[in-house]
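Each of the two complexes below includes chain A, the first together with chain B, the second together with chain C.
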Partner chain A sequence: MSLPSSMLRKIVLNFVTWSLVAVIAFPLFWMIVTSLKPQSELFRIPPTWLPETITFEHYWRLLTETPFLRYFRNSVVLATTTTVFVVLLGTLGAYSLVRFKFRGRETLAMLVLFTYLLPSVVLIIPLYLMMVEIGLSNTLLSLILAHTTFALPYALWLLRSFMEGIPEDLESAALVDGATRMGAFRDVILPQLLPGIISTALFTFILSWNEYLYALVLVNSDSVAPLTTGVMSMLISAFNIEWSLLMAASVMMSLPLIVVFAFLQSYLTRGFGAGGVKG
Partner chain B sequence: MADVTLKNVRKSFGTFTALENLDIEIRSGEFVALLGPSGCGKSTTLRMLAGLEFPSAGEISIDGRVVNDVAPGKRDIAMVFQSYALYPHMTVGQNIAYPLRKRGVPKDERAAAVQKAAELLQLEPLLDRKPAQLSGGQQQRVALGRALVREPKVFLLDEPLSNLDAKLRSYMRAELIELHRRLGKTMVYVTHDQLEAMTMADRIAVMHGGRLQQFDTPDAVYNRPANRFVASFIGTPSMNQIEGTLAGDTFTRGAMTVPLDRARFAAEDGPCVMGVRPEAVTIGTGHVAATIRLVENTGHELIVSLALEDGTRLLSRVEAGRRLSIGQTVQITFEPDAIHLFAPEDDGARLNTDEDASVIPMRSH
Partner chain C sequence: MTVATTNTPLLERQYARLGALLIAPTIVVFSLVIVYPLLAAIYLSLFSIYTPTLEGDFVGFANYWDLLSGREFWNSLRVTLVWTVGTLSLQIVLGVGMALLLHQNIWFRSLARSLVLFPYFLSTVVAVLVWRWLFNDLYGAMNHGLMQLGILDMPLDWLGSMPNAMIGVILVGAWKYFPFVVIAVLARLQTIPDHLYEAARIDGAGPIARFWDVTLPQLRSVLVVIILLRAIWDFKEFDLIYLLTGGGPVTSTQTLSLLVYQEAFALNQMGQAAAYSVGMMLVMLVFMLVYLRKTGGR
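Our next item is the complex of A and B:
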């Protein structure tokens, strides 16, 4: 007896898809499992797939005995402020790039992307020296500025493609109806742009939240370190890696993103779409 | 109610001149159509009246006030866009109320005004819907409602009917005429559709290549076109234009000679263009021989395509029911009173001296 080919196709397709999902999800699964295992179970061979006893002691230690919460707060401030900066500048920039016709408009838009083409390693040392010179080294603000510089070009292009989708007539109508330019922007453009703003904000937040290299170079005092570098230097030393604490920290680091993702996922995929069409 | 005046207006975009020497005086309460092919500058003219574009030179005034530097919202005008430009995130009611909100009209007055506009346009059951849930015709009416809710001095309409299907278009045409009659406001209407302009407007400004070609009543524009462009643009099918030579009392092209009453023309002997509308080309008698090439039956009339002996093509319009067959040779006549002469250039001026040519009194509504 042979299966019909369409059925076979379906089975193969499903198998491949789920294998991929398993490969991608396994580290996440292992991270959660490891964070819940007691120390004694961690390195047992063969490994236990599900913890025999579940413990939250690593989480408790992390929250009470380490500066984890401070890093967390730093990261929240860093990612949020960066996002606000980027969305604010990106929206106004995209608006002017789309609505106002001026000489060199396209060149300007391309130039903005130029920084995006350079590897961050090339920019990071000059940036560090500049921060030292203006007296911002070792501050959260220096990181906010750095993150803004590398998130803004992409945000600008993303918002620009969203902005191009808003008919100019809408704004003209608002102007004729008695709105000022700012009023028309607020009443008509912003509501239309909202999906674009949300997806841009998400991209920026994730980028800033997960960023490691700039944080490592620009900030070396523990008090202003964000989660990425803070947790690394705290738990990973040349002699020892605190696996259980590291995994607990990783889970808590991922949590905000997962929550945000769950709520705003549809906006995010729309953002991918807009970026894809305009390229 | 307000006059609208454009005085010697020019508009350039970089090195491209979109409009030149534009002089239009629109009387208070008048319905004026700006008519022309795409790219003729009619939409730019309207956008300048709205304040969305600024003239490079010249003066625009509304109701006696020069508005060159006045923001769109302060001109006391309303505009209906070709795309309707309804605010997608607002309901129909909010859309209509928006111009009032921007002018700080109190909420209860706003509601009353919206109600009134909705009644006028039969939009009451739709007030809570979003624009995306409406049909094209309904969206069109919402756009009109938003324009008339605050009773502006001047209405500007930018091809408002071009996105509707033919049936709805003729219905909305009648509605707009009715609306203009009821409100008595000055309306400026941009269109490329001569039928809309002819049927709706008190006067038509025919534009071409950034210049005003003629600004007159529909009848005058049809019967006394100022130049070859207006003659060919107005009327379907358009006017026959035959290049030839004028000498004494005859117009000659090849073997064809047409006797003319020279007193009717201010033309000098030499090359010129004779214009005759298809309905003034009669088939049956006459001294010009032509061959029938094509007969199109529209039901109530026949559009006959003719070829003269030298191959020149002509159109004639005759009543339906005539028995005409392709290939048949017929004699044709040009009605002498309906002959126009034009200077031979592409935009050659009309050379008739008359003010007659079957003038029909100006319509008013």
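Our next item is the complex of A and C:
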């Protein structure tokens, strides 16, 4: 093979790949560009593909004149509490499912997988009635409980896969040395499971952060609305839709995700290998 | 299944008890927020309930009779199938293609991967806002971009008329969910042994023949799992479609999830909505059982 032809092949390959990547990433680029354009430039026809003037006024207005920060705080509380709750239960549950033998273990594992595939709309009507009945409707607590319906099966499934990847001999060695089961769990299993726990926590946090349907049905007061329904209400209630403001909100809403992508991306791909696809 | 009998050693019985104790909190939460609501949904489907007052009467199987004889459920089932097949095929084609490209040694590969991955983790609300702005009929970048490239002569009404609305929803769905296919396929590609390609090359197979004879058979098992999993998830999708079109124009993009929501919270017929949701679940059960069988619960 001659050098020029292999070089040409490489250039074509790169060109094709990067053009496709550019098309896929364009909506993200457009979101950022729109959020930085002044109002006057926004409604120009045809649109300017790069902003002529860059302004941060929309971000300032978003933070000072809209309830955005309150929605943000609600989402942080909601996603964090859901994650802690679910990862705690899930880690103990996965340990039990993988390393203990008891009646109904296999059935239970199948049930977890089944609920992991269940549509939310089936559960939403009874959950709504339940929350109204016990007086929890319009609270963040009702959302946390509702989010466990999809987060717990998901976390349990992921953690189960990670747990299966930990060799059993280390734990057995600790037991021979006289450690109790829970002692071995704390000193041997937990440190090895840590990357898996981080993966699971990130996935759960993102799932909960992005959830929309339960928030739409269970919460209709603006003071406890999380970002998803809160930002959507900014779209629906506006007389003139302010796209720059909404795009600024979209960028801000994606901030946690951007942080995760910048620093912890390997944990996300690991989670995929463990739970998403191996099934 | 292991059965703990009384003559097993003491330690083993203690372990079994500890195992049950560790899973107990999960079982309690599961029963409360999943099993009970699931059974309640089936129970509620036998009633006629007015949502604002939550008062209702027992009507037996009348809701199911309405489901079978009315047009709504079947229309929505058809829409759901069109959406699922459309968006899933696009996801698979785009996903496998992109994975093959990203598997090559291109420049700034990890950056390209991150950019491709991003839409999957993005909130549906954000994705929808951006795409509604892109699809905007007056100022949208989509229409102007396509006009500048000479593909369109006139701005299109993307989400307000058919079949554009369905195409638009399918496109956004494919954009949002194809990274899942990319990651899954990429992971599998990395495990295909090189000597298989070497052997094919020695036999004189070109790149296309190598794809059909080596890559695709190796990807088969992972593709089956991806297709089943994504089919289940696309089938039940709510947020993306509800936020993009609200099921409109009229009911042309009203999938089963939207039908259930609208019946319960817009038309205020909770019992009927529960019946629809049970019907939807029965349809999905087919996919689920195939998936459970294929993966053997692993």
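Just so it is clear, the second predicted complex is superposed on the first by the 256 of 279 C-alpha atoms of A that agree within 3 Å, B and C clash if a C-alpha of one lies under 4 Å from a C-alpha of the other, contacts with A are read in each partner's own complex, and residues count from 1 in each chain.
Note that in this section a residue touches a chain if its C-beta (ideal position, glycine included) is under 8 Å from a C-beta of that chain, and two chains touch if they have at least 3 such contacts.
Bear in mind that the values here come from a model prediction, so they are computed numbers and not experimental data.
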Checklist entry - Should A:Val76 be classified as contacting the first partner (chain B), the second (chain C), both, or neither? => result neither
Checklist entry - Where does A:Pro126 make contact in the superposed view: on chain B (first), on chain C (second), on both, or on neither? => result second
Checklist entry - Should A:Leu264 be classified as contacting the first partner (chain B), the second (chain C), both, or neither? => result neither
Item to check | Comparing the two partners chain B and chain C, which touches a greater set of residues in chain A | outcome: C
Next on the checklist: Taking the superposition on A as described, I'd like to know which of chain B and chain C A:Leu136 touches: first, second, both or neither.
Outcome noted: neither
Checklist entry - Now for A:Leu63: first (chain B), second (chain C), both, or neither, which partner does it touch? => result neither
Checklist entry - Is A:Val84 contacted by the first partner chain B, the second partner chain C, both or neither? => result neither
Checklist entry - Of the two partner chains, chain B (first) and chain C (second), which one does A:Pro167 touch, if any: first, second, both, or neither? => result first
Checklist outcome for this item: chain A residues contacting chain B in one complex and chain C in the other none
Item to check | Residue ranges of chain A in contact with chain B within the complex | outcome: 167, 169-170, 172-180, 183, 187-188, 191-192
Checklist outcome for this item: Per the touch rule, the chain B residues reaching chain A in their complex are 47, 50-52, 71-74, 77-79, 81-83, 85, 87-89, 98-99, 102-103, 146
Checklist entry - In their complex, what parts of chain A are in touch with chain C? => result 13-14, 16-18, 20-21, 24-25, 27-28, 30-31, 34, 42-43, 45-47, 89-90, 92-93, 95-97, 99-106, 108-111, 113-115, 117-130, 132, 145-146, 148-149, 152-153, 156, 181-182, 206, 209-210, 212-213, 217, 227-228, 231-232, 235, 243, 246-247, 249-250, 253-254, 257, 260-261, 265, 268-269, 272-273, 276-279
Item to check | Interface residues, chain C side, partner chain A - complex | outcome: 1-4, 12, 15-16, 18-20, 22-23, 25-27, 29-30, 32-34, 36-38, 40-41, 44, 54, 98, 101-102, 104, 106-107, 112, 114-119, 121-127, 129-131, 133-134, 136, 138-139, 141, 144, 147-148, 175, 180, 183-184, 187, 222, 225-226, 229, 232, 235-236, 238-239, 242-243, 256-257, 260-261, 264-265, 270, 273-274, 277-278, 280-281, 284, 288, 291-292, 294-295, 297-298
